[in-house]
Each structure stands twice: as C-alpha cells, then as structure tokens.
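This report refers to the structure that appears directly beneath it.
Read from first to last, the chains carry the letters A, B, C and D; within each, the first residue is number 1.
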C-alpha cells in the first residue's frame, strides 16, 4: 500500500534523439535522415494563461540558469526582456476591448517559436551552431557557436540573445534534452492550468481546435490558432482569443517571415559576391595571357637619362648600390 | 473546504470572491480551468482589483473591499425575489421552518441584547422556540412570520441592487449580471462552488462574510454536492492540520474546547457539550464528545489520566478569556505581561498588524526563541537595517535564540491540504549543517524542562512529569510513532458492551476509527477526527492509489481524508429527501433501499433511513442553519458593517463604526484614521510569484518579482503626479512605507454612496532578509483590529494617504 | 611658372609644376636614373594597411560563405575569428587614414585622367604611346585610391553596427540587417578593387620596387608617369624638401 | 508503480483533452549512445526520486525530489525538484514557487547553526545546541514558576501559564504539531496560536 519510497530513476534517461535526426544544420548540409521523427509542438493557450510565471521558474530550474535580481519598473514583466539566462518570459498587456469596453489582461509567454523555416539557422555562418531536428526542434549547439549575432538578425521574432559572458547565443531549446528521453519541456510540465501543452503537432492542432470552439462559444468570435505560414509554420503555437490581431499580444508579429534583407544577404549576395571576386581574379589571368607584362624598354631608360641630364637638385647615385634595371 | 480541489472539476459555476485562486493557488485553480474547458463551466470574479483570476474569468465585477456582506445578501434577496431557490433542499435540509423566540430582533445595525460597555451581545433571545417534547417548533409551510425563512426575508429586504451599488460601488448592471448567473444554480442539476480565502477572513466581520455565502449556497442547494460547497483555500500547507490538531489557545485536537474557568470540574464541562438532538432521530454527533475528550486525555497523560481524577481534567489550563489569540498576546507583551515567546516557523514582525506595535512588544520580552529553517525578520527584530528596520539595538534587552530547523525536503510526516487530505511525505536529503527536526527540538526542550522539575520541583509539575512519552528514543520521537498516537489505540482490550465475554479489540492495537473510541479510559486518541489514518492495516496517509472510478474526483484510495476518509462533507445532502441524487449525472451517494452507497463514505450511518436522519450530523438539528442561534458573537444573521477604517459611513447603520463586537483594544483606537485625513481605501494581498515572506529567500522568485510596490489606478496616479515605476510614499497614523508605483488599468476608482473611492493595493512579500530587494510591507500600516469571532486581523480594508516620493533614504 | 624647354617629337609636352611632386620624390643620377617614389614611412603605412586588408578579407570571407569557413582554422577557430575581425578593421581604418592624408593630393582628378580613361583599351594593351603623359598617379590608380577610401568608410560604419560584442544596442534589429547586408556587399567590392590593384602592380613590370625599396627606374617613370618625371627633371624636388632628407 | 509510464502520461495534461502521446509516437527507435552530440546530457540520470509535498499553500502539490547520495549515510543532497505526475491534485504541475523549491532548500539564508543574541547586543553569536536548549529551558522554568496561576480568586484550579506564549508554525507536519501540542499544553501555556489567521 505504501509505495516504494525511493524508486530509482532507472531506464529512460538515455537520449534517443541526436545528429542522425538533423534535417538542417547551419552553414553545412546534412544527409537525408534515415528515420523521420513525428513533428512535435508546444501549444500555448493564452486564454488559459494566468501569468503565474511557473514556466519561467521551471525553465530557470531545469536549465540551471539564474537571472540577476532586478527592480520593479511599474509592470509585472520580470525580467524586463529575454536574456541569455531568461529563455522564456511572460509579457503582460492591459488591453481595452473597444467592442465592449472591457479590460482584458493579455498575458503571452514569449520565447523561441521553433520555426519550420528558421531565420536564425539561415543566417548562421558557423557550421553546426544551429540545427533543426526532424521533429521540428530548432536547437543552438553551444560548442559550435561563434557569437557573431547573425541569428539575432535572422530571427523574425527577436528571440536569440548573445551572452556577454561567453559570447554565445542562447534561446529556448524546447528542452531538447528532455524530448530526447520522451519528456515534454519543463515549462509545459509545470504549467498549472495546462495553458502550455506539448505533444505531436497534429495532437496540438486538434487540441487547439477544441479550445477555439470553446472560446467562440464564450463570445470570442475571432479566436484562432497562431501557426504563421510565413515561416513555414512553427513548433510553438498560440491559441489567441483575438487571432485577428496578434500584435496586441505584446507585439506578436502579424505575418512573421524572414526579412527580405536577410534573404538577400544570405542568398544572392553570397553567391554573386564569390562569383564577382572569381571573375576579377580570372580576368587578370586572361589579360596576362593575352597581352603579357608591360615592360620598360631600353629606349625608355635612354629617354629618361636624356631628360634628366641637367636636372637641378638631383643627387648622385651611390655607385656601390647594384643597378635597378 | 467542504469539497476537494479535484472536485471543482464537477462544477458549473465558480465564484471567486474574497480570494484570488489563480494567483494564490495556481495548481488548485487548474481544476477551474478544467471545469471550464471540459464542461463549459463559467467563472465569476468579484474583487476590488482585476486580478490574474479575473484575467481568465467569464465575468468580472468590481467591489469595494469590506462590503462583501451587502453584496451577498443582495444576491440572496435577488434569488428569493425571483424564486431562484432550491426549495426541496431548503425545506428538507435547512432550519428555514424553525420558529425563533419572541424578542429576537434587528434594528439600526444591532441585534437584540447589545451591551455597548462590554462591546458584547446577550444572545439569550437568539434561539428557537422549544416545544413541550423538547424539540424545536417548526412551520413547514413557512407561513409563520417568526420562522427563520420569514425573518431572513425581512432582514435582507434593504439590500436592493441600488443599495448594493451605494455600499459596494459595484455598478447595478454588473451586480445584476452576477446575481442572475448565480441564481441559475438553484436548479437541481446546476451547482456553484465558492472559492474564498483571506479576502473574506481578514476583516473585522470575516466569519460573517463566509456565513453569507454559506447561506446563499444552502438556498441554492449547493452544500454536500459534487462541484459545490464552501471552499476555503487555506493559506499554508498544513494550517488545516495545525488547526485540526488544535494549536490554538482555546482548542483541543479535533475541535474540542479547552475548558473555561466557569467549568469548575469535568462534570460541568461535559454537561455543556454533548448536545442532545433538537429534532427527532437526529445523530447530533457531538453526543460522543466525552469519548473523544477522554481518549485525548489518555493520549496526553496515559496512566495518570484515571476515572478517579476525571482523566486528569485539571491538568488542562482553564481560560478566563474567550481566547489568548495573537492580538491579545502582543497586547499583553506591550503591557509587560508576557516575558517569553516562541516562534516556530513563524515571522510575526511581518505577519501581524501594526508593525510598530509588534517591534515595541518584542523589545519588552525577556527571551524570544525562533525555530526556523530560514532567517526571519522576527529573529533579527533587534538589528538595525536603516529605514527597513530602524531600531536601537543597545536599548533592546531581549535575549534571542535562533534555532535552525529542517524544511520539508528533510523531514517525514503528514500535511493536511485544504481538502482535508492527510498526505504523508518522505525525506529526500539530510539536514544542512546543524539543522534539526522540530520534533527533536520540542523533545529536547521538554526533556530538559521535565528534568528541571524533577530536580528542583516547582509550580504544578504533574502535567509535565506525567506527560505520556511512549517513544522508542525519548530524545528523538519518530513521525510514525506520533502518527500512531494521533490515530489512537486501545489501552485495554475492548469488550462487547452487550456481551462482556466477547473481546472486540486486543489491548495495544491501533483503532480502526473514532467509532470505537470510548469514554471509560480504555482507548487513547490524540485527534479523534484523524482516527483511521494509521490503523493496524498500516499508514493510510501514505496510500498512493490514484484510481478515480467514473472520474468523480474523489480519489478515495489516495492517502486519507478526515473524517473517516470522507471526501465531501455533508454528502448526504447530495441526494434528495428520498435518497436519490439531485442530479443523476453528479451522483455521490444514494439510498438503495437498505443502505447508502456510492463514491464516498456516507456522512450518516450507512443504514440511516432517508427522511429520518438529516445530513448535518454535527448539528443537533440534523439540518443546516440559515439562522445560527447564539453561535456567532456578532449575530445569527450577517449584517453589513464597514471596516474600522472606511472611506464612507455605514449607510445602513450610520452610527456604528466597524463591527460592534469586533476585537479592539482601547490602546489602539488612537491609531485609527478617518477618511478626511486618509482618503484612500487600501488592501493587502499576495502575489503569485511569492509565498508570504519565504520566497524572498528563493533566488528564482526574487527574480520573478524583485521589489516592493503598490498598485494604483491611472486616475489616482495622475492626481498625485506619481509615475509608473516611480517612487511613492504610503502612510497613515501607524506607519509609512516607500514603494515603487505600478500604475494600472486593473484598478479603477469606484463610486460609493455618490463619492469616488480610490483603491491602493499593497502586496506583502518584502522585508530585510533574503535574496529580493529590501522593502517594507502592509503590516506597517494595517490596524490592530480582529474579527469578532476568531480575531483574524483586518488586513484587507484600511485607510492610507499616498504621495509621490524620492524613495526610502537608504534605497 | 616657366615651362620646361625639353622638346619631345611624339606628344605635346604638358606643362609641369612643383605641385606634381610629393615630398620625398627625388632623382638619383649615376650609371642609371633612379627615382625615389615612396618614403620609408609611406611604405610601412602601406604594408600595415595591406596586411590588415588581407587578414580582414580572410576572416571576413570565413564568415561570409560556409565553403570558406575552414579559413577560421587559420585564426584558431570561429570564436577568435569573430573576435579579431572587427579589431583588425579598426587598425585598417586608422592605417588607411594615414595613407589617405599622404596620397590624396596627387590623387585628385586631373585633366589627362579623362583621356586616359577614354583610352582604357590602349591601357590594357599596354600602348603607352597612345596615352597622354601621366603624373605620379594615373586614373586607374586614382580609382583604386578613391574606391578604397569610400569602401573602407562604408565598411567601418556598417561594421560597427553589427559589432555584437560592444555595439549590439547601437542599431535596431532591422537596421542591423541592412548594415550586415551593406557590409558584405562593400566587402565583396573592396576585395575586387584589391585584386585589380595587386594585378596591376604585378602586370606593370618594375612597379613593386616602388613599395618595396621605394625606388623605380627612370625608364619606368618615363614610360608610365612621364609628366611626373618631367616635373622632377625640371625641379628635382619640392622646395619644401631640404637636401638630404630621410627616405 | 511504473514511473516510466506515468512520466510519459503527463502529456495527457491533466485531462486537458490532449491524447496520450507515447515515445512511439515520437518515432524513436533503438537507443543511441548515452552522450549525444549537441544535446545537453539528461541531468536526472542516476538520481534518486523521493515523494514529497510542496510546503507552501494548501493545494499541497505532490513533488518529486531528485537527489544524489544516500540518506542513510547522511550524504543525500537534492539536485532537482519537479511536480509528481501521479498526484491527483497537481498532476505534475507546479506554480512559480513550487517550481523553484530547490532554491528554497538551497537558499543562502538557510540556518545551519544555533545562534544567540544577548541583551543589548547588535549581533548574533554562535552557541551549541546543548547550551542553547539548557538556557531556554531555564528561562521557561523561571518564568513559569514565577508567573504560573494555579487557582483563581474563587479557588478553582485554573493552571494557566500566561507569561510565555508559543506561536506554532503553518508548514510543519501533524506529527510535529501534536508533539508541540503535548509539550506546550502540559506546561499550561494558553497564549498558543498558529498561522491560521494570517
């Protein structure tokens, strides 16, 4: 009747996900994986969120991160922004619904969206510093990160942060180390109201559908799922009561996509640039082959001697110096 | 809680009023979101602030703190006026039909028998008419003008929606919307649950706040049913347990009472208890009082408690006052009448009202002993911390002992949750440094005191010398040894009363439940309501079978729930007079012809016939009370009283300040402020990121909510030129604090009796020890006033003034 | 200012003046004609600039395209490469600033630059006789000079904007995106200019000695920078240069 | 009871309507090497699980404390703490306070040595348990003998010790509570209270 007080954590601590499951690897290519993991997703139901910050707390504890104790600046958001230690953050918005004049306290858990088309990975110059697993997890590999900050420019959601301590980029890993042993992210496990749930993406979409139905029945006509196509969909999705205007949720982008500037930089510039340099070098070689070197003739030397014969202020040439020509 | 956390999933309507479950009890609030998501339940939040509970509510209505009774009586009036009453329930299970004595009346805010000198009522008229048969007179037709129902209607007549708006500042249409939603739950197949906490208790009329909602729940037929009930969300992990085990000045474990001086001997004491039924056939369970009491005495003093010495009745202290509660204790300290004080895991310097008085009082002690796993402000009250604790150490003569105790991770034992579940836990790590278990500390203190009395003798040493101490290692009693005492055991063998040759239970066995306890000294039991928690079958509190047949949320085999592993109190009331469930989809127990069966342990005898025995077995009526007779010091019906410090006068009884029988000490009156000097209505509360004064020691929580602040409306901020995130000063006659300002739309000015009322919200989590930024707290400002019945301090409603500031000198 | 009287049969003789000369430009006469073209300090300054530019190209290219990431190996890995690149950039900027001050005067546009550019075909064929007489720098060299100047300013500004370690808060993220794009385009351009510069120096025989030993032959000067040589022949040196000044 | 099953079952999310998701659904095949490049090593490997209860509010969430070392040898140290997914009330979830309990256990301001502050002093000094307890017991006896009220004016035995008060905790176990009750009541203390009201 009394269960074993201290059952050891035996099996299931062996990580069953790894490089063999990469489908993308920054600044490098990966072979087609032999197996395809089922797409997973974290669903954040903003309408169920009570803004308790258990997710932030669990994240700090699981990842052994400690943020510095800050100050109050007149809001509930603490810390005030994502940092290399704060991988997820509750953002609070006091919004008055002009349709009925009611105050709504919109509370959104901010953090990496794990895009299917990750801008950070596209921008990253360091091979293997950012990887994408076949289940959708986009992860930073600390060992390979060079701290250039290109991922910051690449991200459509302003998520990655570069540590001033070790000059490496940090963001939510979706608890890849837990997923690898069949557990969900620490935030999802902790969430008291299950506003954060985790499972396969299909399950999460089905679950979201139920939630949206419930919300519509409670008068939220525009309730919907946030799974932005601009980045190929995300593996962190939101259920929003006002899906028609995501920006009211602390600036959640309406139609996020990788910036065209980044696309240009990482696309055409990269290749055109190399080509241009190649052409320049090649032109030189060709020109040399055709016209040969531009040599000084004996006549030129004689002309020079004639011209400078009575030049004023000329100095005598040291006879011991070996001749130039 | 009459029900359990997991039972909330069965409700149709959740009313959070006088609490903030989403912030203070997030994981319990989970069951509200489950009810919403899975059965379309609705959530109503009524609160002065738009809280995180309100953030996920279906409907929010603002209310001025301290006006809840007017609001709730208004809802009761709405239900009665609109015939939204669960009539079968009210007629069968309440005292609506009882005839009340002539002479009882209410006028100008006072009930009959008030003595302004003593600030007390003579409650003799607050009772029923008793017939010649010794039973109370009733009128089942509810026609008699003196029956409880008609007196109630008369009493609440003045609480119209307009009056509610005048008093509470709740716009009429919002009040009506809430009343309408609530009234729907009078249907047999709709239940509402009330989730409340210190938002109702911490008032000078806290008990009556709760009574008002309890009466409403009875009228709607929501007590004893799945998804219903009165659910007090207790603050601390084992405050339920500490109250059950009677760690209060006037209690004996299991809600028995410490005798008073007037009870000169055991016979007198017991005669005034063990109530005989007021209706035929009722169980009136307190008739067994003597069995529980004697068994307790045997657990305390073992062989020294004998029939000859009235089971050591005189070893118990006798009270000359209703209670030596915390407020009185500090009043005595301040008067120099108390010289020693122990704080076992408690931080009064921040927890008790009027910090100035607390500091002053502690400084008058000869010795103070603090037993705690953490640094506490109390243990360092003598240490100067600038504006955060401005004292002169040299002038404080108190000797202070700071003893390191273990925390949950290092000890073993049971905690009782709000749902009355006794849950056993095990130690995960060894204590740090020289920290010791509280049990070890208490045993060490006791053994030393006993030794001193053995060697030196002294005043009345018997209770100490004879204290029953049956532990394998007297220096270090083990949790399971003590748990066995709490459950109870047979001292001698128990024989069948009808056939003395038959032995029912051997001597020295764990009893199976309080049913077998006796008042002849043959059984011992530390806490009768816990009986059954540690039987011959083993430690029931350690059971971990989380099966839940038909998803009722009962979890009957998970740990142990007092009493008798019952999960929902008064569960007999979940079925109609004939024993059929009010709502078949929410069956709890039903009468099958011979006995009661279902998902829970029946509250009444399993073979007690319906229509004979009422559900409310602890009441001599067998029924619940809409009219409480003389059982509450401030009236058999709730009435609206303003807080002692209120921004408006009491519009129903202008002459009365506060609750006429609330606990007030004359010496504190001069520290009360008035609205002309301190115009703003302040309230104190917890934040979800913190737990009282513990989590400021926890780095992560200090990060999540680092610094002391107050919350004010944009309107008040503009009026006072206070910036969002800027400093402001909040003060009254008792103290002054500097805080960051959170200027928010979530607090709106209210209009009460035609006058705008601004609210100032003051969270309570900061001090001068720990990882978080140093800060002050509301108890520098709160008044030294207590509830009329249980002396809970009035932390939720008081007056302050506020201005822009440059922050504390040392900040 | 009087004209040089020396007659030339093939091309009109352009007027020359002392302004066509740099400090340190000197004629040395003996068995052969040798011309001092660059002072020691000019050469040191040039080579610091050159090395910085090469290191910048290598570290930059390493982070510019995955296929060149292996170059980080030359600098002890990606982290170090990322760390030093901007610092070298700072060195380059100040070093080039020195060159700019030294050289910009004679790199200002001149009348003959237009003809020279118009006859770029003959330039490439090496038909010097079809070109006008050129001073110390021809239009090609001037182009390199001014291209470098503009690109380096562009690179240092855009570079600071994306210098994560110290200036991450200088620009908004969208601004940083533009900055990093501009930076990489400018980098490509400057590398191309650098290729032209190096190739020209190598193609035109006798040029390298100007930056190694600081001297060129009279023949080289006659052939490629005759106007400059005429000025030397006419005045020998700028009079603000006292005899025996350091080379 | 199989921890592995329950550890996965939390994906059900307290009946939040999310169907059970098994490792199979994730498409995991046979196990890989224990250390996986690019992944943080699973930090709970080789730890011991202990069932406990959150000491904060009265929801009394079940928690699992993960520790290293052997408690019978006095070497056990908690390394991590999470919600107990088998617990009916919290189903493995925790609030921001419960989720950070490890920092409570390891708080820098936890007490590890008995201390005493003498009259008029401005600092604590360390003191041995024995001496501290001896002194406290002496304080108690002196105060009790000096102020104990055996009988009231009417000669009725009242056995009150009103000059020393005891404030009991709010998070200690029932067992601690009852032992405390026995000690405090047998001494006749009446100013006895707990945190129920605040």
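The rule is short, and it goes like this: a residue touches a chain if its C-beta (ideal position, glycine included) is under 8 Å from a C-beta of that chain, and two chains touch if they have at least 3 such contacts.
Not measured: the values here are computed from a predicted model.
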Quiz prompt | Shared interface partners, meaning chains that touch subunit B and subunit C | solution = A
Quiz item: Between which chains do we find the greatest number of C-beta pairs in contact?
Solution: B-D
Practice problem: Specify the chain with the shortest distance from its C-alpha centroid to the centroid of every protein C-alpha atom present. | Solution: D
Quiz item: Any idea how many Å lie between the Cα centroids of subunit B and subunit D?
Solution: 22
Quiz prompt | For subunit A paired with subunit B, centre-to-centre distance based on mean C-alpha positions, whole Å | solution = 51
Quiz item: Approximately how many whole Å separate the CA-defined centres of subunit A and subunit D?
Solution: 41
Quiz item: So which bits of subunit B are touching at least two other chains?
Solution: 26-27, 30, 37, 426, 544, 688-689, 699-701, 704, 771
Exercise. List, in ascending order, every residue of subunit D touching at least 2 other chains.
Key: 1, 14, 16-17, 48, 50-51, 81, 83, 90, 93-100, 103
Practice problem: Name the residues of subunit A that each touch 2 or more other chains. | Solution: 3, 5-6, 52-54, 56-57, 60-61, 192, 194, 210
Self-check item: Contact pairs between chains, per stated definition
Solution: A-B, A-C, A-D, B-D
Quiz prompt | Touching residues on subunit B, where the partner in the complex is subunit A | solution = 22-23, 26-27, 29-30, 33, 36-37, 40, 50, 52-56, 58, 424, 426, 537-540, 542-545, 688-689, 699-709, 723-726, 740-746, 771-773
Quiz item: Across the complex, what residues on subunit D touch subunit A?
Solution: 1, 3-4, 7-8, 10-11, 13-14, 16-19, 21-23, 25-34, 36-51, 66, 80-83, 85, 90, 92-100, 102-103
Quiz item: For subunit A, which residues are in contact with subunit D within the complex?
Solution: 3-9, 11-20, 35-38, 40, 52-54, 56-58, 60-62, 64, 128, 131, 135, 139, 141, 143, 173, 176-184, 186, 188-192, 194, 197-200, 203-204, 206-207, 210
Self-check item: Residues of subunit D defined as touching subunit B within the complex
Solution: 1, 14-17, 48, 50-62, 65, 67, 69, 71, 74-78, 81, 83, 86-91, 93-101, 103-105, 107-124, 127, 129, 132-141, 143-145, 147-148, 150, 152, 154, 156-198
Exercise. Using the touch rule from the top, collect the residues of subunit A that touch subunit C in their complex.
Key: 27-28, 125-127, 129, 144-150, 152-153, 158, 162, 164, 167, 259, 261-262, 264-265, 269-270, 272-274, 276-277, 280-281, 284, 287-288, 291-298, 300-301, 303-305, 307-308, 311-319, 323-325
